[in-house]
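For clarity, chains are labelled A, B, C and D in written order, and residue numbers in each chain start from 1.
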């Protein structure tokens, strides 16, 4: 039981990271029906820029983290303005491929910095140790991951439920033409969604960096883990992203805990999320919370 | 024609003037070939005509919603309170005070009724939104009862009311209604039109309504235009139109002589119309 | 078009030189996956080449070092090699990744080209093989040596292997199992853990539950650092001793794992940056001369590149001295006679008790077989054993 | 009477004409000339250049397959490299016992079978969701190979090259020999590809891409059509994989990972989605871009530019790879095929502008 609980707890920690990343991913999909393959790159940019601010000008870590969030959000905004705006109305494959191309461009750009090839760790900003929860050890970095996820979830749900801007964004996701007829600037909403996605990406980058250190490849590969999470949760559901992220995290850890022993070589946690992805597509293609689209001939 | 129709200017100062516009979609498909109409302030103006005549396109040209459909006004002008507004972005036009209720209602299905209404107020920076919400609920008491329901689960009539209420929250000077009767039961259609008439009378909102159902539209409109194949075929005050034998015959469904119409008569009517 | 002009330019420059040139070729992941290893490795080759030319290490010859980035992609590696074979006619090939080297093994043997890969996958020198040579001991040998070390400390201990999910990681598993059986060690579990292992609680808890006392890693630094950190967090750092083969350790590990790295044991054939070895002195000199940043200059991967380059250059030098010419054949002969009194001692890798650093024969294609176990103490690696050679490896491998 | 040698447009006026593969004799002749050129080409190239050519053509076959799944049927496939891997491993396992002329097509067939299975979600989901299903397959494939001792857990499965009808294949002629083998497969596959469009089935593919509900209403079974598209696309990839196994002399997993799948998609886009010529222009362009960037990298490196930790040269490849994709999508979404078309029509109608 203790073992199971431990697995679930660490699953939730890992899942929080996926959930954070998935949140941004879903925002973009929800607003503009774009699947962003460059999300992992934004995660990396967020993490490395925080590292840069904290070690270059030696700013306090909290300030650096804040700057990183702002910078990445701005980058998301720019991406939409420069690249995606031109592709409105193009076939889906073009839009997907543009984000794939962007991912590569950003990778290249990061190689123009010293961060391309090596491993880094954030300067210490959390106290040593952690808390003991029901006999399970959780350190502060892991708590931070969960706290960040909760914080962003609350912020985004408040934003989307309460603020006029948030409601307008959901309206755009629902019906662009009708939103336009009411004076909602669809373009502004798209850019806003990308900025918000940049924000969450940076947040997950900060968390990953704190827990596992900074490595370009490792950071960007989280962008891939987001897919099982969002498919499970439903591509266009904010709460789905969070639930999907957490579930994938937990399932991944449970697979590692119980399946690895049965499979020679183990490593089931690498493939299990993708098996789930396929199974979900088979039996419940729109995920747990996703909305089915109504199609007309 | 028997008598000269009274001009729209006679009904009030002209709020919106569409002057001989031509609209082309995707750089090749011409839909409007010189449409002109005038909307007098404080009145309800109806734009009638059969399917495919270009009514919706005209409305979109006014509200700026042509642009996302890859359409463009290539000649002519649209003037709102003396200012050229054609080919402007839709959000600018909404800010000027023109709001369109799109065809097929297009409520935000996954938003609640009240959230739908709040989207309508997204361009406003003033603090009167709460009061206005109350006013909308006053005109559409049904919506108040449904305010937390997802709009997608509302009935067609409720959705139409919601779409109109939503547009009104933007505080338009000119409200454009595109086929509000579409897919609704006759009783509901009448209810909606009477509410529109009330709003027009009590709030002073100018209305331009596009309809296929000429009978119900002319029951509330002060002035009307009839559009066919991309241009205006006929115009006049409500009484003028209601008395016009062609309108009676083809739009109001009252036959001149009872009995069935032969196709040849229809053709001759169309031929005659071209010289009007 | 640009290519042609460039080639023409190179050709003209080549002709302008009176000296004879001789080529060696390397391609590796200067960018792409594993570039944290490949970039310093490539930098070392480049620098050593320049140094060799300046010092005229190969009398009468100018080295033409073709250093290319294959981005860890096999078709690139294959093409770069073929291109070099067509154009610069290299006499020695310095390779990189496990995958590409396994793929090219057939080819280099067919064309009789001496090859020194950065990968130490044992499959590269398993028969049939004549021309592949590993500069230092294979991953398998390192892991077996670590098991021997464990067995000396704690007979019958319970051990888990944690390996990278790739041919690179999986290579030593089979030999490790056989060696453990001989040593009386109990291999409880073999697990694959790759990069991006954000949380290893499940793994560690399970291993703890199974009574594992040692975790032996065959991996790169990142995943190992995360496991170390999690072990410390779970209070398992005292309970479970962790050890690893060459690519697990080094400065990267200490930087990534911080305090959690304390006590980690690392099998390495190389001298450390802060040791007083002739090779390390040279490394400092060269890296300073060519302005390498610390991250590269102090990396053990830079040392590894230096070693490979020095073996290649030495083989060329000996070809000239012995045969008066350098070609594939003489280089091969020079390499396989690098033993006994003729063993090579550049001072990058630790010497065994016999005083031999690097030696090759026709049947023995591993260069530096000696290794030490090093431990992290107060944030740096210090050796805790004398250099030794695995006794068991040759008895278990391939049997 | 239409002049079969010079035509100014598509003059197919009846169904019989429309079912012919080639529009005119002129096209047949130009194709014959092209083929002759291709046959002679390796004689003018060095060994390593022939290898590059081989790669372009092998990738071209894989991209041709992608152009059925993605180009025709509109099903985004981010797992083409995995299908290629299926073919490669099949061929490698069969190679010791079967001649390559059997092993390679068998690789294609196995890949086609796998493709049909992977395509099953296409019965229920579309577009983006399907793209993710192929992505999942890509990851699952790599993992599975890594856990299969039979496949050396992703290490090298060696492929004997040996000889063909007594003709010894070795270092000197390896790439030349495989070049001609590839050419044979390529011609067959390209003709089959061209033919596909003329069949009821090929038209169904396009109908399903444009609107699968409408296609359904018109009596085409969109589910089965999509599955077939997947299977066919995978078949091409499998053939490419089988050839690649022989060409590379050993099969290792790194060649069939996500990055390669992305590369194939990029090649298809750059070449021009859904076009035959584009399927080869794309790989050629990307391959040459890669080569030129490598040269440029080396040039920059040789200048000795060296700020601490920053390596401009190493950034060039991913940067240009990505930029090419992005720029093509933004400014020439029809790909290189469109340039080809413009050049061709310029020559066809010369001296007139239209």
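To be clear about the criterion, contacts are C-beta pairs under 8 Å (C-beta built on N, C-alpha and C of every residue); 3 or more make two chains touch, one makes a residue touch a chain.
In this text, all values refer to a predicted model and were calculated from it rather than measured experimentally.
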| item | value |
| --- | --- |
| Target subunit D, source subunit C, minimum contact steps | 1 |
| Centre-most chain, if every chain is reduced to its averaged C-alpha atoms | A |
| Of A-B and A-D, whichever chain pair has more C-beta contact pairs | A-D |
| Most distant chain from subunit A, judged by the mean position of its C-alpha atoms | B |
| Separation of subunit A from subunit B, taking each centre as the mean of its C-alpha atoms, in whole Å | 44 |
| Separation of mean Cα positions, subunit D and subunit A [Å, integer] | 33 |
| For subunit B paired with subunit C, centre-to-centre distance based on mean C-alpha positions, whole Å | 77 |
| Gap in Å, rounded to a whole number, between the CA centres of subunit D and subunit B | 53 |
| Per-residue overlap in subunit C, given as positions that touch at least 2 other chains | 31, 35, 39, 165, 170, 192, 293, 295 |
| Two or more partner chains touched - positions in subunit B | none |
| Subunit A, residues touching no fewer than two other chains | 111, 114, 116-118, 264-265, 267, 270 |
| Chain-chain contacts as defined at top | A-B, A-C, A-D, C-D |
| Subunit C-facing residues of subunit A, complex | 3, 6-7, 9-11, 13-14, 17, 111, 114, 116-121, 130, 137, 139, 142, 208, 211-213, 215, 217-218, 221-222, 225, 253-254, 256-257, 260-261, 264-267, 269-270 |
| Parts of subunit A lying in touch with subunit B, wherever the complex brings them together | 89, 164-165, 167-168, 170-171, 173-186, 291 |
| Subunit D residues within the subunit C interface of the complex | 46-49, 51-52, 55, 143, 146, 152-156, 158, 161, 170-171, 175, 248-250, 252-255, 259, 290-292, 294-299, 301, 306, 308-309, 311, 313-315, 317-318 |
| Subunit A contact footprint on subunit D (complex, rising order) | 70, 74, 76, 120-121, 124-125, 127-133, 135-137, 139-140, 143-144, 146-147, 153, 211, 213-214, 217, 258, 262, 265-266, 269, 273, 308-312, 314-326, 329-330, 333 |
| In the complex, subunit A residues that touch subunit D | 33, 35, 83, 86-87, 90-94, 96-98, 100-114, 116-118, 224, 227-228, 231, 235, 263-265, 267, 270-271, 274-275, 277-278, 281-282, 285, 295-297 |
